[in-house]
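Heads up, there are several structures right after this.
Both of the next two complexes hold chain A, though its partner changes from chain B to chain C.
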Partner chain A sequence: MGKVIAIALNTFKEAVRNKVLYFLLIFAILIMAFSAVISDLSISSPEKLIKDLGLASIDFFGFLIAVFVGVYLVYNELDRKTIYTIVSKPIDRTQFILGKFFGLLFTIYVNIAIMTFVFFAVLYFRESTAYEVMIKHLYSETSPGHFVMVQSEWVYYLKTIFLSMGKSLGTMFGVYTTVLTAGLMKVVLMSALSLAIITSFAIFYSTFSSPTLSAVFTSLTFIIGSLCEDIVRYADKLAEKAGGISHLAGAEAFKYWFAIVAVHIVPNLSYFDRRMNAVYGAPDIAAPQLFPPLLDWQTIVYGIGYTAAIVCLASLIFRNRNFK
Partner chain B sequence: MKRSFLTTSILTLLFAGLFGNSVYLQHQGLQAVRSQPPFWETWTMSGRSGDVMKLMALRYDMVAADFLWLRAIQSFGGRGMTNRDWHPMYNMFDAITELDPLFESAYTFGNLVIGDEGHQQREGLKLLLKGSDNIYMHYRCPFEGLYVSHWSLRDEELARWFGRVAIKRKDAPDWVSRMVAYIDVDAGQYYIGFDRFVGNLTKGIDTDEPALERIALFKLNETINKWNCDILSKATDQYTSQTGKLPQTIDDLTTMPALQNYEVARMSRLLASAMRYTNFLGKKELTPLMLQGYVAPDPKLLNEPVEQTSVTLKAKTMDDLQNVIFRESLVRGSGIPENPSGEPYILNVDKMSLPGVAATDIYITKNDLEEFAKDLLQQIRSAIAKRKAELGRNPKDLHEVFYTDFKTTEPLGGHWIYNPQDGTIKMSSRPML
Partner chain C sequence: MSVIETRNLSKIYTHDFLDVENGRLRFNFFRRTTALEKLNLNVEEGEIFGLLGPNGAGKSTTIKILMEILFPSSGSARILGRELGNKAVKAQIGFLPENPYFYDYLKGAEFLDYYGQLYGMSRKARRKRIDELFTLVGLPDHAPNLALKGYSKGMLQRIGLAQSLLNDPRLVVLDEPQSGLDPMGRKEIRDIILSLKQAGKTVFFSSHILSDAELICDRVAILNRGRLVAQGNMTNLLGSGAKEYEVVFSGLDKALLDSVRPLARTILQREDDVLLILESQTDADALIRQALSQGARLVSLTPRRETLEEYFIREVSRKPEQEKSEGAAA
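And then the complex of A and B:
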């Protein structure tokens, strides 16, 4: 366990030296800050726009980090020949893969934490700087119809920035929640779980292919995983058109079975997507098949199990790999 | 050194030339933008674009919908400033709502753009229908559907359908059910409208909300009156067909088939029924102030013992007894119906011959007729005063006021008495008014 942690920490240190990581992080933060600006262009539901963009950014930039950082981790060790010094030590190759995986996952989660912090801070800041809220805090009615300014606008902005940051931290650790941010942290946690699967795939592909190919394969896995439910519907449509599965023949039968096998192999990333539910709030009716709870054990077990399986597969391949 | 200076100079010149050229081209481009109309649609979407976009957006459908939403807002404004053709925007709203099916504002704003501004109300309704299906827990989309169908399209059946959907939604406020009942009554669906308002009354009693009880009683009174007037109207048509003339008094109608063995709700029975069940369940009674202006409760029904049925025995709230009260309020009978105010119906003969007059203005009570006469008298007095100010003296006769012979008869059966000496006007039947 200690060896895995040592490799993981080393991987984390290596990853944070990667400039790509910072570019991605800065870009994500800029988009979140920008979401507060573009929400003003909407004639209604401005918070929805911020939430949509913020949650999507956390998920998508997490994926980009997994791809751009993850695919180089094993390759760099091989390219710089540092793998020889590692495998010559009493470290099992599985421990090496596990260390790499947890190191990368930790890097991604730290980034997710930073993005989430900014996301909540933007939401709280915008809520506190809404016109009617600001007017209430800046002016006081001394006599009917007569108002005096009780504090400067800039002081209020400065106070709000710090307050929003505090509230943001509170929300992240579950000690402060309002209607505005209710359930959002759970969505982020579900995204984090789906990113664990993507990370395991990035590591898996990098054990046997070049960084470019690994990036392509990981991206394709992400795309197919996102379209899993659409592919099932496509397969069903094919069968329906033919009048049933038994009537499928030739190319149609191949397409059908290929689609069915594919959707059973690739991860269904839609399971982890609870954004719509959180943004619109859980409806007050019993329709669990349409609106799954924000966190459910079945999905958590599925996510962890799937990730573990792919890491096992990556270890299996890596164990048998010849470094010559 | 010399060579280095030369290279630097060439590079500087190249930079100045190329960058200057770029700035110039950019300036030209901006000038072209300025000379164009403020909005130019560059992104029109074809039908079912949402399906394709949903696939392309992967799982980021909601973000794609948001950007499209912002684009739709721009497009709405831009079209408003240029060609004012909002019809092509339907596909845009369709795509937004495919990507984010719970985006309520997209349905309601889409209906506003396509229906109200673009004059394609049916297409606007299509969006609201889609919204009603997708956002099945909120009342807003079906309610707007009701509003558009009733007030813009005058399609009562569709409005009632949207209404029925809206009141089933958990977040529908009380007034939605009242509005639906109003539309039911307006569409001649008196039984349904009456039943819904009885529901409002029982709910008001259960929750002890006097305001809700008062509104419900008022609407029930209005519904029964409309119902009665509808029956009287049919009887009038039958009388006119049979005799070839208009009836002169309400009693002329009593023998008409429409007034034989018909079913209608009676306010006296409704009040009696509601009161005996409030007593039965130990609920707060309807106050005398609340009952003011309505017919007295039917004493026979009021004193009848409550029937011991499975419904009445199980009932804990007035709402449980809504159907019982509804049934007890209905009565089958012949002759002139009972006016919910307690006063007998009379004919407003003056209005009968006018086109487009509502039945509720023709079959009225004596009090209503007096109020109508008072209003008319007030209007004539204002017209005389205005003419007096113009002439600087009292008008010689009413012809000088209205520029035509004053043919309107005095509503209460008498005639107008105008005194040119002091410019006063009176009704012969009510000279004290």
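And then the complex of A and C:
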């Protein structure tokens, strides 16, 4: 176990000294900040736009980190031949793969934590700086129709920034929640679980192919996995149009079976996507059965099981590899 | 006890099905390369064993198989009396690969600490050992806090050697430990190898710097094109007697020089000095007696044994021709 942790920490060190990581992180944070600005364009519910964009960014940038950092982790060890000294040490190759996997996962989770922190802070900041709220805090009505400014705008902004950051931390650790952020942390946790699957795939592909190919394979897995529900719906529609599966022929049949096979070999990541529920699925406006719950054990077990299986497969391939 | 023992160890590389070579696609249906063929080696405890051979001879392949970087196609090997893959055995081995390139984002001390953890050493043991090693391999004082990307090639080789000694190993395996080093660096590595032997460790290393190998090795094996050409100690391989005699005279008579010309294999003249290389001791004795009686002065007499390099070149270049002629005869 100590050796796995040592490899994981070294992997984390390698990743945080990689410039790509910072580029991605800064870009994600910029998008979240930008979402607060453009949310004013939304007439009905600006905070929904921030939530939607923010949650999507956390998921997507988590995926990008898994791909751009993940596919190089094993490759670099082979390319720079550092693997030679590693395998000659008294460690098991499985320990090496586990260390790489947990190191990458830890890197991604630290980044998700930073993005989530910014995301909640932006939400709280946006809430406290809405026009009506600000007016209430900046001016006091001394007599009917007479308003006096009680504090400077900039002092208020500064206070709000620190307050939002505090609230954001509170929400992340589950000690502070308002209607605004209810359920969002659970959505992030489910996203994090789906990213564990993607991470295991990035490591898996890189045990036997080049970084470019691994990146392509991992991306395809992510895309097909995220669109699973839609692909199934598309396949069903094809079958329906032909009047049953047995009536499918030619290109249609190929499309149908290709879709079905693709959906069954990649993980169904749409199980983990609980954004719709948290952003739009307030119980008073929609029937609860339309949306899955925010957290459920079946999906958690599915996620962990899938990840474990792929990591096992990766280590199986790696155990039997020759390093030229 | 045999520290390393290989039996009929072979490695055949199968090429990738499809390859890009000089910008063109190349199909490699069933294309195979034999890197090592039925190698039988035996390295005894406490000796310095050199694995020698030209590029592509299979030296690195042998070491990689022993270190489990590659798996053999057939044959078997035992280290410290156990089959490959035993973790308890690996804990007693130190290994330095060829042209080591380590994690350049780590500082010297961080790097050794990481590898120490892989050996399962305690924090206290690691700290103590790392300090010792920086001194042992002769790295400068600022090296522990310098990122490896700032290390020179020689420094990398030294820290590579340090990581191979972390666990105070019984067997040290070094793949081309002197490549890329200047003469000073080569000498220092040589001294470290000798001090390891003094400490009772077995050193197994590959090299193509034959003069150094000759100086320090107890025994050597010579590989060529995947096959073992020779194996043994220096006396076995090179013989104990002198192969030729170098005699240097000054003030040698021209008439005398002409008369001994047929006896000498080589004659070199520089100013007043004449160097003659003679193949037999009797010729040398006769020549010296005659020259001295005619008033020449003997500057030096050196009996010369065959060098490992001469032996190596003879063995390595003889084999393919011999095989060819055998093949033609068949």
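Rule of thumb we're sticking to: the second predicted complex is superposed on the first by the 299 of 324 C-alpha atoms of A that agree within 3 Å, B and C clash if a C-alpha of one lies under 4 Å from a C-alpha of the other, contacts with A are read in each partner's own complex, and residues count from 1 in each chain.
Definition applied: contacts are C-beta pairs under 8 Å (C-beta built on N, C-alpha and C of every residue); 3 or more make two chains touch, one makes a residue touch a chain.
Please read these numbers as outputs of a predicted model, since none were measured by experiment.
Asks: May I ask you to decide whether A:D273 touches chain B, chain C, both, or neither, giving the answer as first, second, both or neither?
Replies: first
Asks: Does chain B (first) or chain C (second) touch A:K81, or do both, or does neither?
Replies: The second partner, chain C, only.
Asks: Go through the superposed model and pick first if A:R17 touches only chain B, second if only chain C, both, or neither.
Replies: second
Asks: Touch check for A:S42: first (chain B), second (chain C), both, or neither?
Replies: first
Asks: In the superposed arrangement, does A:I223 touch chain B (first), chain C (second), both or neither?
Replies: Touch partner of A:I223: chain B, not chain C.
Asks: Take the contacts of chain A with chain B and those with chain C, and give the residues found in both.
Replies: none
Asks: In the complex, go through chain B and note every residue touching chain A.
Replies: For this pair, the touching residues of chain B are 54-55, 58-60, 62-63, 65-66, 69-70, 73, 100, 102-105, 109, 136-137, 170.
Asks: List the residues on chain C that touch chain A in their complex, please.
Replies: So the residues of chain C touching chain A come out as 13, 64, 67-71, 87-88, 90-91, 93, 95-97, 99-103, 105-106, 114-115, 117-120, 160, 163-164, 173.
Asks: Sort out for me which residues of chain A touch chain C in the complex.
Replies: Per the stated touch rule, the residues are 2-3, 6-7, 10, 13-14, 17, 80-92, 320, 322-324.
Asks: Residues of chain A touching chain B in their complex?
Replies: 38, 41-45, 48-49, 52-53, 56, 59-60, 222-223, 226-227, 230, 269-270, 273, 275-276, 279-280, 283-285
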